[in-house]
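The two complexes that follow have chain A in common; it is paired with chain B in the first and with chain C in the second.
Here is the complex of A and B:
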């Protein structure tokens, strides 16, 4: 899963723009995008917004959550909580990256916002890593994580599922051989040998 | 990409390498006319009590408790190394011990009466995966030889590094440049060469126009 694909998925988010042209509603495959009137805000998908901005036909209005105080508050919440908090938008990283690369002037305090969003992303990523550590160490069989966005999942994929595959394989061979010989010795001697190391695989 | 999701099949090259490894076996019964297996044998038959080095693919087809050979577990899975593995899991250089530490251990697990091997490889991998996740956050250019990872770990590490590089490229928006394809470049070079020799040469113009 490339970041390019994740960006493609994230571009479907709606964002508000102020066009400087007027047009009829556009009827696209997935729905219509409302009539464009110069000077009035209209909701369009993000890909269309960046496209129009590059042709300088509109001005992008940053989403409500892209504000310094709100983001600071989210950051504090993230630091405090043990679990992952709900992000304002499912693809906050993609939206932030695209908006700030195509339209840095439209966003007030662009550099600081960029830093705060990156901080939030780093905090979440390190939380993800610690929870993976705990999961592997604690020998659980499954884990459930809420409120993770795609880009964060991308950072551990595919290395995490593959390494869990390998661990599971060796676990299976270890238990299988243990079981076989303990069954063998149990049938031969008539008493279960029950080696102590069995407790390692009790799950 | 297939290397990491690793389920050995008949054609898998790593599997062939692993099963080619020699294991030491002690012969238990007299095997007629099998003396060729032992290079130092005097007679045509294999006498009981001798040790031969046989490749793993030969041994693994026999039953575990077969009457002909007893497999001796290699030293790397035994006492000293076992203790080192458990004490210093992340710093031990598995690549130097054996390039296919995990897979070889997996094949040898049924032959081990004390059930040591299965547990060792399982526990070692579990500890080292966490370390592996950390070091794959790097760029991949620095100091790869230091780590001396086993084959499986090396593949996982490579996957992690590649993911990380893709992410960084995306952040800096340098990844997605459209490049001219090879066919087009070759064709352009040929045309340039043809034009140059056209200018300096006495060749008939008609012969140069054969392809356009």
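Here is the complex of A and C:
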């Protein structure tokens, strides 16, 4: 998947805007939005919000979690916890990036927020790398990835599934050659194929 | 003013016979009702699943057809609107997004058909008419693609080769690696999923995410109990 597709999917998130025009509700295929009343906040999909903001037709209300105190707390929590903590939004990086690039003026302390969000992302990324390292060395085929966001999953997509596929392929070859050459089998089990690889990959 | 407004709310109707196998197993004899929103959600899930899955998944041709007619219908309604009208702009932006999803979905399937042509055709031949995975158009494409490739190879290369190298069509079949790892999110709680060696089992909570070899969860995806991410 392309990063652009991740952004495309993330643009479905709802965000609050304050329009400076009035209009009847719009019935989009994805659901209805509005009515728009000048000065009153209304929830719209992010793609619509960025479009309207570029046209100077609204102000974007930053989501609740885009706040220094909350984010600092999340950052500390993320540092403390061994596991991934739950993020306030499924697509927090996409939302933050889009909101802050289209409407930096609508976000108070924009630059600081940018830094802290990037910090959180970095902490999570490095945690992710460490756990992937442990996971691959542990010769697992299954892992739970709760609380990871789509973008983070995507960032390891080029490496994690492929390396696992390769390992699985080697193991299959190993079991196959084991069957062929019963002579070698004794030494092979010890070295190349893991202790519990056989039943699954030989099918 | 209200001409565009109600477009998206129109209820779409599909034939029960064609719609068989969709989520709603309503016992309505004649028609099954489904909203445009539901169709879009189904398509979106199908699109993401298709992008992530190693093999080709059942075609959503019915849903696509509904969506195409919905999009055409909305464009029809929008024709009278001023191009710079706020509503026209937003509606056409959404239509662009919908069209992108549909195009990307179809493109992704074509790519798989081109890569695994022979394998997919063989599988289709062994399936019952009711659980064919390709739409009639895709089947036609796959067959023509296969015969064109064969003919081309024959013309430029294999006819000049010694006999024993020709009859190896069977060995040239490219098959998807069904054991490749995928990322998965459970839609509902699924108890006791076998997740690997030694029949180890795990209960998946609703909304939880996992990385797992595709083949072990292929049926969950088809039953819509889980989706790929």
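Going forward, the second predicted complex is superposed on the first by the 180 of 203 C-alpha atoms of A that agree within 3 Å, B and C clash if a C-alpha of one lies under 4 Å from a C-alpha of the other, contacts with A are read in each partner's own complex, and residues count from 1 in each chain.
Basically, contacts are C-beta pairs under 8 Å (C-beta built on N, C-alpha and C of every residue); 3 or more make two chains touch, one makes a residue touch a chain.
Since we're looking at a predicted model, the values are computed, not measured.
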item	value
Partner chain in contact with A:109 - chain B first, chain C second, else both or neither	neither
Partner chain(s) touched by A:153 [first = chain B, second = chain C, both, neither]	second
Contacts of A:79 with chain B and chain C, given as first, second, both or neither	neither
First (chain B), second (chain C), both or neither touched by A:37	neither
Chain B versus chain C as contact partner of A:143, first or second or both or neither	second
Which of chain B and chain C A:3 touches, first, second, both or neither	first
Contacts of A:54 with chain B and chain C, given as first, second, both or neither	neither
Touched partner set for A:165, first chain B, second chain C, both or neither	both
Contacts of A:173 with chain B and chain C, given as first, second, both or neither	first
Set intersection of chain A contacts, chain C complex versus chain B complex	157, 160, 165, 197, 200
Chain A - residues contacting chain B, complex	2-4, 7, 97, 101, 129, 132-133, 136-137, 139, 151, 154-160, 162-163, 165-167, 169-171, 173-175, 177-178, 180-181, 195, 197, 200
Interface residues, chain A side, partner chain C - complex	1, 5, 8-9, 21, 23-32, 47-48, 51, 57, 140-148, 150, 153, 157, 160-161, 164-165, 168, 196-201
List of chain C residues in touch with chain A within their complex	1-2, 5-9, 36-37, 40, 48, 51-52, 70, 74, 86-87, 89-91, 93-94, 97-98, 100, 104, 177, 179-183, 195-200, 202, 208-213, 229
For the chain B and chain A complex, residues of the former touching the latter	4-6, 64, 102, 105-106, 109-110, 112-113, 115, 118-119, 121-122, 125-126, 129-130, 132-134, 136, 152, 156, 159-160, 163-164, 166-167, 169-171, 173, 175-176
